[in-house]
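Some structures are shown below for you to check.
Shared between the two complexes below is subunit A, which pairs with subunit B and subunit C, respectively.
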Partner chain A sequence: MKGTLSVAWKETLSYFFAPMAYIVITAFLVMNGLIFYIILTALSQPGSFSASPMALFFGGTLFFWIFLIIMVPAITMRLGAEEKKSGTLETLLTAPVTDSGVVAGKYLAAMAVYVAAWLPTLIYVLVLSRYSDVDPGPVAAGYLGVLLVGLFFTSVGLFTTMVSRNQLVAAIIAFTILIVLLCVPLLSFMVTDVAVKGVLQYLSLWNLMQNFAKGIVDTRALVYLLSGTALFLMLSYQALQTRRWA
Partner chain B sequence: MIETRSLTKRFGTTTAVDSMSFQVGTGEIVGFLGPNGAGKSTTMRMITGFLPPTSGEALVNGKPVWEDPLETRRAIGYLPESNPLYEDLRVHEYLRFRASLKGVPRKRRRNRIEEVMESCEISDVRHRIIGTCSKGYRQRIGLADALLADPPALILDEPTVGLDPAQIVHTRSLIKNLAREHTVLLSTHILPEVEAICSRTIIIHKGRLQFDGTVEELQKGLSGGGMLTCTVRGDAEKARNSLLKTEGVEDVDFLGGEEDQSRFRVTAQAGRDAREAIFWTCSKEGMPLLELVSRQISLEEAFLSLTTRESAAEKTEEEQP
Partner chain C sequence: MKKSKRLLQGANWGVFLILALALLFIVNYLGYRHYHRWDWSSASTSRLSQQTKKVLGHLEHPVKVVVFLAPGGDLYTHVNGLLSSYKAAAPAGKFSVEYIDPDRQRARMEMLARKYNVTRANVVVFSSNGHSKYVTMDQMADYSASGAKEITSRPFSSWDSRNCRTMRIWLWSPAPNILSPLRKPPCWKTT
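== the complex of A and B ==
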């Protein structure tokens, strides 16, 4: 894992020196703020159903997922594709760093941007807590879910950028994989076979995130997200290694 | 220090490097010469461990490159052909990143970066964003990066490309000074560069080693026993015949003449010095010898003859059914 921290530091610098990170984070916060506002307005209507605003905010709406599957590929797309296109991969991989160090460093940097995008949403919690009681348990679990889903999605994005020379292609492939991950479990509504239905429900990111938002930290969800992350990190590493097969 | 043993690289059906074997000893500066597409960069990439060879092996410090890639990379400072750099970083940020990547101890980092910026003359652009630097500066930033960790071996792929004449002179003397403690393998297609700084030259063509030796050996080896230009006074035909009969002379070409003088190019037999015999011949035949110059063939001629001879031979091979 040699070189992890050097690579992570440099990638983080590159993110914040270029406008991309600011654009992504700003767009994300503006959209999220809007959704949060809509949730609050809807819930304060007389006669509306009662629910915790934060529970709705974390995966309770379609928008949560739409933002994520756009934001994460936008963050990760440059990590590998840019190095390949500009040729800097050659200087990077002839420096005394391991391939795993390169993968880990880039992954950490992307996660840093992801976390930076979510941090300002803690303000929502502060605002809510001024006007009502906020149960800290479900909120903490919700953020844990956000982090875990982020780990998983970012690993998918990292993989696609490691196999592509073109940033846009990398982003589109990542977007597609994420859509599939999100939508295939929806087929459980149409399936009658109990076993298949069970598997699809287990893989449902929607159920999983709603559980987190309710404050339920399910080990099965942890296993799914973390093993998915490990799989795509392995694939990223292998993608970097393919140059050795040539 | 650097060694290749029948190193071969194939891309699909094309063979980029064909069983290449050579050695570069410690303290040597070896010029790696060849026309475009000869396989210089591919060979260098295999030595640095960026590309795996199809067969054969490259050794650095006596150890196969793939056995301990990290150790190899630590021993080598590499300037790739296109000199890729991170466009969005500032010069000093880039060098700081590379220094930490290469494991330059934290305490020494700042001083070391100052040193290489000084010696590569890029101190004045330290705060510039690399993307806005001119080609000459970029080239020297790449060179500074190669020197950062003070590696024992330097592999420089066309280090003087894009530099202005003054920078070229400076860079060459920099490389020459480095060679005292470093092993340098540099590729170029600028021939005077090889003459100016390299102690030895390796010429490759179409992935094959064509020549490995000093510049003098190259010039001597190709002219066989040496080429002479000889001017005598007397009848051209008669002079040619008697010169041809002279001991040690391989061939005589009439170059031209004016009034009663005739000029010839005399090719001596391999390994023989025909000058004395020519003198005695002329004296015996009663033809005053006006001029006798031994002609050095230039590196350009040697290079062209090496790299075109091969293609000519191949052509005749192909023509045969």
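== the complex of A and C ==
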């Protein structure tokens, strides 16, 4: 546990002592701010459909997903690949930390950056509540969804950085896996078989995030995201073990 | 030596992957079969009243719902949300929903339309124990006069969603006398 925390602390510090975290967070906030502005402008047009701005902000637009699948690999890509490249992996593996401690520590550090990127968006809720009624339930559920999707995506990113030697390669593989996770369920519009359609809809991150944004917390979504996270964390652990013996 | 080590590593990965995927499948299958939904919103169109939940929780006969709506339509997400809540409130296997996209599944649509005696487009059919009834789009929601796109978001409910949530029950209840099409159901205040 102590080892996990010291790895997490060291990694978090190295994120924030380098420009990378600031660049990622700033770019993310600029893009999100722009989207939030566009959503508000579109909704205040006469004759536009009625919807809650925060519900659209959380997964209601394609941009939500575009930002996530770019941001998460950018955060995670250096975690394992850099250790290998700079030759510090041996030091880490011989340090008094278990392999699971290393995986958990790096994962926590990446999640810290992810949460730090999302925290300033709470200002949008404050701004909205100043000018209109904001239903707190769906906003809380939306942030819960953001956190769970973040846990899942970050675990995917951690796995790819553990298996590759190059940061860019790690980011591109993570990006590809996330695109597949996001796009395969879209086939549910094309298939007519009820069982296949059911499976694809269960896997649909779009549906799941839209439900969170509406305030619906479904245990199926929790099970899917958390079990996916567990799978990729186990794979990361396995990858690290393989490196130890390689 | 090196080759056998690589082989061992590969086998290790293979076994690990198979076990992990099997575990993932089992967990998700169980999670899919047994689930619960919470609605954290204060005024949602898909939240059910206690009475609706009670009826759904004690269904005698399985209820099958067929939705003949195109996915991009105005009411699709509302209908989908509400029916998902129904399904979650009913015992497992007692409430099933099939979505038919009229543009893509022509043959299936015609077959089911004949089966349930549906003569209009964009309807939701409720059937149970040999009885069936369908609800048309204008019975599901109320469109405001000011703009065609503005839905007052009360699918399946009565005219005031805040006061009349209980009325959603009238749509599908298997008892034939409740199934009579109510154009303007009376308000039952829950509070």
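Quick note on the criterion: the second predicted complex is superposed on the first by the 241 of 246 C-alpha atoms of A that agree within 3 Å, B and C clash if a C-alpha of one lies under 4 Å from a C-alpha of the other, contacts with A are read in each partner's own complex, and residues count from 1 in each chain.
By our rule, contacts are C-beta pairs under 8 Å (C-beta built on N, C-alpha and C of every residue); 3 or more make two chains touch, one makes a residue touch a chain.
What you see is a predicted model, and the numbers here were worked out from it, not measured in a lab.
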item	value
First (subunit B), second (subunit C), both or neither touched by A:Gly87	first
Touched partner set for A:Trp118, first subunit B, second subunit C, both or neither	neither
A:Asp218 touches, of subunit B and subunit C: first, second, both or neither?	second
Subunit B versus subunit C as contact partner of A:Leu235, first or second or both or neither	second
First, second, both or neither for A:Gly137, with subunit B first and subunit C second	second
Partner chain in contact with A:Lys2 - subunit B first, subunit C second, else both or neither	first
Touch count on subunit A, higher of subunit B and subunit C	C
Footprint overlap on subunit A, comparing subunit B with subunit C	245-246
Subunit A partner contacts - residues on subunit C that touch it in the complex	5, 9, 12-13, 16-17, 20-21, 24, 27-28, 30-32, 35-44, 46, 71, 77, 81, 84, 88, 98-99, 101, 104-105, 108, 147, 149-151, 153
Sites on subunit B touched by subunit A in the complex	11, 45, 48-52, 70, 73-74, 76, 78, 80, 82, 84-89, 93, 97-98, 100-103, 145
Parts of subunit A lying in touch with subunit C, wherever the complex brings them together	46-50, 135, 137-138, 140-141, 189-190, 192, 194, 197, 202, 210, 214-220, 222-224, 227-228, 230-231, 234-235, 238, 242, 245-246
Residues of subunit A defined as touching subunit B within the complex	2-3, 5-7, 9-10, 13-14, 17-18, 86-98, 243-246
